[in-house]
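Labels A, B and C are assigned to the chains in the order they are written; within every chain, residues are numbered from 1.
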Amino acid sequence: MFRTIIRVTSKCEGDIINITPEIKKAVRDSNVQEGIVHLFVQHSTAALTTIEFEPGVLTDLKRALSVLAPDDADYAHHIRWNDGNGRSHVKAALVGPSITVPLANGDLLCGTWQQIVLLELDVNAGRERTIICTVIGN
Amino acid sequence: MFRTIIRVTSKCEGDIINITPEIKKAVRDSNVQEGIVHLFVQHSTAALTTIEFEPGVLTDLKRALSVLAPDDADYAHHIRWNDGNGRSHVKAALVGPSITVPLANGDLLCGTWQQIVLLELDVNAGRERTIICTVIGN
Amino acid sequence: MFRTIIRVTSKCEGDIINITPEIKKAVRDSNVQEGIVHLFVQHSTAALTTIEFEPGVLTDLKRALSVLAPDDADYAHHIRWNDGNGRSHVKAALVGPSITVPLANGDLLCGTWQQIVLLELDVNAGRERTIICTVIGN
């Protein structure tokens, strides 16, 4: 069992950051060859998933999330706190904060086009986001 | 490896129950200091996720789920079984039944505002829901 | 720790395949009695979740996914690559590629109606899909 922290800084709401290289490095640092790596983003307005890291698809994903939580809806969270990020919380809860990926020969067993990404969903840009990375195996 | 069962009783469709205290207790009972805790809800009309446990956000999340599976849509499941919970199954499958959270010093490594919640999605209220809690580490 | 590969071939876009029997077999082959099984689909246009494997519900789930990513929307991915599967990527990223299920007495601790399924989301039919199955425990 090996644990490390990955930190990334997002630029704006909707920013999608490819964290696959940082995860690969963490797995190498762990010296684990066979097992799993678990990732967990420690924030309620960010999320983790996998996707082909191609600009068109990323745009399409953002539009789909806006169907669920439109920019111009009336958010109860906003009415209460006036912080404008009701949509961010909703999207993050639906996508989820964690993902687990299998490992073999000290590397991720992802598909060819499958990248692990952090979704910055908050309306407040330029935030540092913390991802807890736990490698389990031998 | 330590396993225990968490049981909660929901009040109504759309009930969102903060199970973070029960999970923290399970982790303490396990005596695991460093590792992960995996949670799995054993039902097809309930789901697990993380969210800021603030009433406004919870309302907003419920509305977003209703975009995906509106109350008044024609559900093929309902036409077949007449049990009225087609929307419950759909929401549960999209949010998902499981979540994994990292541990350090015998506690959850969640963010400050990040609570682990059970979503009661069934139209039949007052159900006991079973969550299998597995703690892995040392 | 035991790892195996499950391969299934889908028939068409929207195909939902019950992979519970294959996972149960993998768990038996592992000889693990108590622990967890992690599943990861190695593709960016397929996903894993749990659902009651009843034809009506499966139809309802497909319709809900089409709310998020309608067939007739203009996809930036399509404009760039002309491969017509923008909606497939979006749905897959939102449902997610992985799921973890607890084990006891060498069997899955799922609910009675809770099956583990692969969602074929690509517009190109008849594809072989690879799921990495990792069993952890003792």
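The rule is short, and it goes like this: contacts are C-beta pairs under 8 Å (C-beta built on N, C-alpha and C of every residue); 3 or more make two chains touch, one makes a residue touch a chain.
Keep in mind it's a predicted model, so treat the numbers as computed, not measured.
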item	value
For chain B placed onto chain C, the superposition rotation in degrees, Cα atoms, nearest 5	120
Interface residue identity across copies chain A, chain C - same or different by half	different
Centroid spacing, where centroids are CA-atom means, of chain A and chain C in whole angstrom	20
Sequence positions of chain B contacting 2 or more other chains	67-68, 94, 96, 100, 136
Chain C residues touching chain B - in the complex, by the definition given at the top	34-36, 49-52, 54-57, 59-61, 63-65, 67-68, 94-96, 99-102, 104, 109-111, 113-114, 136-138
Chain C residues within the chain A interface of the complex	1, 3, 38, 40, 42-44, 67-69, 73, 75-81, 86-87, 89-90, 92-94, 96-98, 100, 130, 132, 134, 136
